[in-house]
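Each of the two complexes below includes chain A, the first together with chain B, the second together with chain C.
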Partner chain A sequence: MNPLTLSLVLTTMISGTLIVMTSSHWFMIWVGFEMNMLAIIPLLTKEHNPRSTEAATKYFLTQATASMLLMMAAITNLLYTGHWSIMKLINPTASIMMTMALTMKLGLSPFHFWVPEVTQGIPLMSGLILLTWQKLAPLSVLYMIMPLINMNILLIMSLMSIAIGGWGGLNQTQLRKIMAYSSIAHMGWMLAVLTYNPTMTLLNLYLYIPMTVTTFMLLMINSTTTTTSLSHTYNKLPLITTLILITMLSLGGLPPLTGFLPKWAIIQEMTKNSSIIMPTLMALLALLNLYFYTRITYTTSLTMFPTANNMKIKWQFKNSKQTMSLPLMITISTLTLPLAPMMMILD
Partner chain B sequence: MMVYIVSILSIIFVVGFVGFSSKPSPIYGGVGLFASGGVGCGIVVSFNGSFLGLMVFLIYLGGMLVVFGYTTAMATEQYPEAWVSNMVVLGSFVVGLLMEFLLVLYVLVGEELKVVFEFNEIGDWAIYDTGDSGVFTKESMGVAALYSYGNWLVVVTGWSLLIGVVIILEITRGN
Partner chain C sequence: MLKIIIPTVMLIPLTWLSKSNMLWINSTMYSLMISMTCLPLMNQFCDNSLNLSMLFFSDSLSTPLLMLTTWLLPLMIIASQHHMAKEPPTRKKLYITMMILLQIFLIMTFSATELIMFYILFEATLVPTLIMITRWGGQTERLNAGIYFLFYTLAGSLPLLVALIYTQTTLGSLNLLLAQYWIDSSTHIWGNSLLWLAYMMAFMVKMPLYGLHLWLPKAHVEAPIAGSMVLAAILLKLGGYGMLRITMMLSPTINFMAYPFMMLSLWGMVMTSSICLRQTDLKSLIAYSSVSHMALVIMAILIQSPWSFMGATALMIAHGLTSSLLFCLANSNYERTHSRTMILARGLQMILPLMAAWWLLASLTNLALPPSINLIGELFVTVSMFSWSNFSIILLGINIIITALYTLYMLIMTQRGKYTYHIHNIKPSFTRENTLMSLHLVPLLLLMISPKIILGTTY
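Here is the complex of A and B:
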């Protein structure tokens, strides 16, 4: 893309999210969301083919609907309280509508249908931005209106998201769709604890973003988008297979790795509030997620898939892809569990 | 009759919206936009917002909608759909008109003029009395405030409009 256009688009996308995060007037938050959405559309259609146009259209339609619902909720709040400031949404109508709008933006169940389709139709870098940066703005607004969100609605949506993220990803071989379902499930975990202790939501977010960035960067090295081509990496860059192993297991939430920390903290906060069934169900459904991550590591690093003979021995070219700070990201996303006592700085 | 001017203008406003929401071709939709825009100006003016009404007429109707009309005339299709050419469009238009008619009946029969908000004459364009330099209405004060306290809003909306054009050009550039 033209460098000037690309810099304008990225600037607008970043400033849209920053406007959402730093505004105290509901209208400015809506403006920030619209700026963010408009600016990311050219990034989604970076490669001009009909599939990316379809993905961009689906993204635009769902996000525009969500923005309209957000504006409606803000105006309902204005009708009943007479001001536009973001203190709390006192009126239940406004609060529920705002929750629906923001969960639609995040891709939570039952509004999750756009996430796999949009993620599949766009290049890997755009998918990375979609699944990480675009989650920041809605989660910051949800964090701000947290005290009066209807807990039942949020818990039902979170449980459904974890279930759908688990079961939906089981049948996939396309890596972008797997990452999309993983994002749905992680959003479910994040919003389940929002009404109990929103600090754990932020903790999950701060660890989910590095893990997803690491996964996408590992996929971008070889531009692999299918499980099959990922299973050929033992021949191209054998180190990547080990790194994918530990990153995937960290995403799945296995104990000695970082991904265990958010799940542990969330389950602890929920049980402190005498909620037992919900975290049990969430932990059981997270096993589905773990299954398809383990399947990826199985195909990548634990077995050699059957290939044609000319793919068994390859020319070992020097890697010319830029891998910005990949070692740092891998370390953050797999080895920071011993830093768990530092969690208290989040309060 | 002058007492009900706001109600009548609002009804025409909604009918104009129904006219283009029933999705005829964009050229005919532009007719609905013009009608609704013009009548909306009338509503604003009848609430003592003369400056803002004129602004909408000039800039929105006379600038943006004219450009919209030119672009849809350039991008027109071979058989444009009017309201009577397609059963779907006609059906949704009729349903919208029916809904509006029922709402008007409800307001008339219910003997109160409060559907979403009160149809007062002055409304809440309250008057600021700043000493003896005359009467300043909230509406022109609001416009003035946009450029003094609302610096940031002007910057953001100006940037958004510019970026909107840049993005649309980038998307429709094709290859």
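Here is the complex of A and C:
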């Protein structure tokens, strides 16, 4: 992309999110969301093909609907309370509508249908931005209005998301769709604990983003989007297969890797508040996620997947993809479980 | 405890920085030395544990298991030399690193004070084992075996996590040293039974209990020799160790919950022993015999009497050594004939007489011949089960007979009789193999002299 265009687009996207995160007036939050959405559309259609146009259209429609729902909720609240301030979202109707709007933006069940299809149609880097940066703005609004959210709706949506994120990913071989379902499930975990202790939501977010960034960077190094082409990694870069193994197991939430820490913290917070069946169900449904991550590691790292005979005679080019600070990301996303006592600084 | 953990962690740079021809020698020798550093822990107080730090302690239950763990690493490395000989050095080093990583997690698990740390490391032992089974196993079924292994264990242990955190919020701390002082007066409410179940299911799956044992034959058979050894010897005992620790904490009024598991264990013990009589696959036979022995351990722990705890601990150690030894013997057959079918390698006594001696000793300890420690375990368990319920002696007696039957079947099938024509050109026993077998047998036979160190906390 033209560097000037790219910088304009990125700046608008970033400032959109920052406007959302720093505002206390519902109108400005709407403005921020719209800026963010409009700026990311060119990023989604970086490669000009019909599939990316379809993805961008779906993204636009869902996000615009959600923004309008957000505006409607704010105005309903204005009608009943006379306030535009986000802290005064007292009217229950407005609060529920706002929750629906924000979860639609996040891609939470039952509004998750756009996530796999949009993620599939866009290039890997745009998919990365979609699944990590775009979650920041809605989550920050949810964090701010946390006391006023109806807990039951959020818990039902989270449980459904974890289930759908687990079962939906089982039948996929396209890696971008797998990452999309993974994002749906992780968002479910994040929002489940929001009404109990929002610090754990942030902890999960702060660990989910490095893990997803790591996974996407590993995929970008190989320029692969399907499981089959990822399984050729052992021919090109055998070390990456080990990294894919531990990153995938970390995403699945397996101790002693970092991915276990958010799940442990969330289960702890929910159990402390005497909710016991819910975290057990959530933990058991997370095993579905682990299954398809393990399947990826089976095809990539743990077996030498069948390839054509000419794989070994490929030219070994120097890596020219943008993989910023991959070793740091790997370390953060797999080895920070011993730092668990330090997480209290998040408060 | 750091004096054991840090050298074990340092074994990893040792592996990666060794020259290719010194790789096996270095790792075996230094892991043997580390197992020697574990011996002073045997110096236990009789009424208390060695409280080494805030995080680690060792008492007379965890010390024999720690000894077994550290003793097993050099044995695993010795056993893996042959089938790894043709791999490139990087893969050999990766394999040894997996074993060392597993060792680190196991040492920390057995010496953990805080139950959540025990849980995290309990789960952490799954990852290197999964990698060993799936990456270095022999047949295509190893993929399925890895999935069964991982998911059975995880599905059982996630409720354990929730139960542990619930107990931590209600009781304040999960430190095992404090656990002995709790007075838990729970009433007969439904929730307490669920809590008991949540605690126990993780260990029941790991042991394994008869109904949940499907992962074990798959995992044991498909794993490479080091994987089979560590699975049979130690990872099953993790379940037993966990159950022994947790039953201290649970309320005595909930003991009625044990009855279904007692029934499953009693029946399963007889069933899996009987299946052994019909196995054609040697490793599968040894795997099912593991299920049978562990069913005895489960029963002993569930009846919670001092004798039964002694029997359970002794049986765990004895079975660890015996089962690992049997897997090594089966592997020595496998390396020669590249098949696990028993009848393909029979009449070996004529061709490999020293190996036949090891087979004989292994079979004798497996069928709990007096005065071996296997007998001490089984006898204590049988006696305490008899005192719990007179009728259980029938099934226990049947099990002892069937155990003797299949062990002798295995011995006679592989050793006695006329040898087949196709095994006349197998390689004779390596010194390495004889060392491996004797290193298994020497602790087993020496413990006969003073079994009190493996009798656990209630001695």
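Rule of thumb we're sticking to: the second predicted complex is superposed on the first by the 341 of 347 C-alpha atoms of A that agree within 3 Å, B and C clash if a C-alpha of one lies under 4 Å from a C-alpha of the other, contacts with A are read in each partner's own complex, and residues count from 1 in each chain.
Rule of thumb we're sticking to: contacts are C-beta pairs under 8 Å (C-beta built on N, C-alpha and C of every residue); 3 or more make two chains touch, one makes a residue touch a chain.
Quick caveat: nothing in here was measured; it's all calculated off a predicted structure.
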Chain C versus chain B on the shared chain A, clash or fit after superposition: fit
Residues of chain A touched, compared between chain B and chain C (which is higher): C
Touched partner set for A:42, first chain B, second chain C, both or neither: first
First (chain B), second (chain C), both or neither touched by A:254: second
Vertex chain A; arms to chain B and chain C (CA centroids, nearest 10 degrees): 160
Partner chain in contact with A:272 - chain B first, chain C second, else both or neither: second
Touching partner for A:156 - first (chain B), second (chain C), both, neither: neither
First, second, both or neither for A:87, with chain B first and chain C second: neither
First, second, both or neither for A:245, with chain B first and chain C second: second
Partner chain(s) touched by A:61 [first = chain B, second = chain C, both, neither]: neither
Superposition-derived minimum Cα distance between chain C and chain B (Å): 46
Touch list for chain A against partner chain B, complex: 1-2, 5, 8-9, 12, 15, 19, 28, 31, 34-35, 38-39, 41-42, 45, 48, 56
Touching residues (chain side chain A, partner chain C) in the complex: 245, 249, 254-257, 260, 264, 267-268, 271-272, 276, 279-280, 283-284, 287, 290-291, 294, 298, 301-303, 337
Chain A contact footprint on chain B (complex, rising order): 152-153, 156-157, 159-160, 163-164, 166-167, 170-171, 174-175
In the complex, chain C residues that touch chain A: 105, 119-121, 123-124, 126-127, 131, 134-135, 143, 146-147, 150-151, 154-155, 158-159, 161-162, 165-166, 169, 198
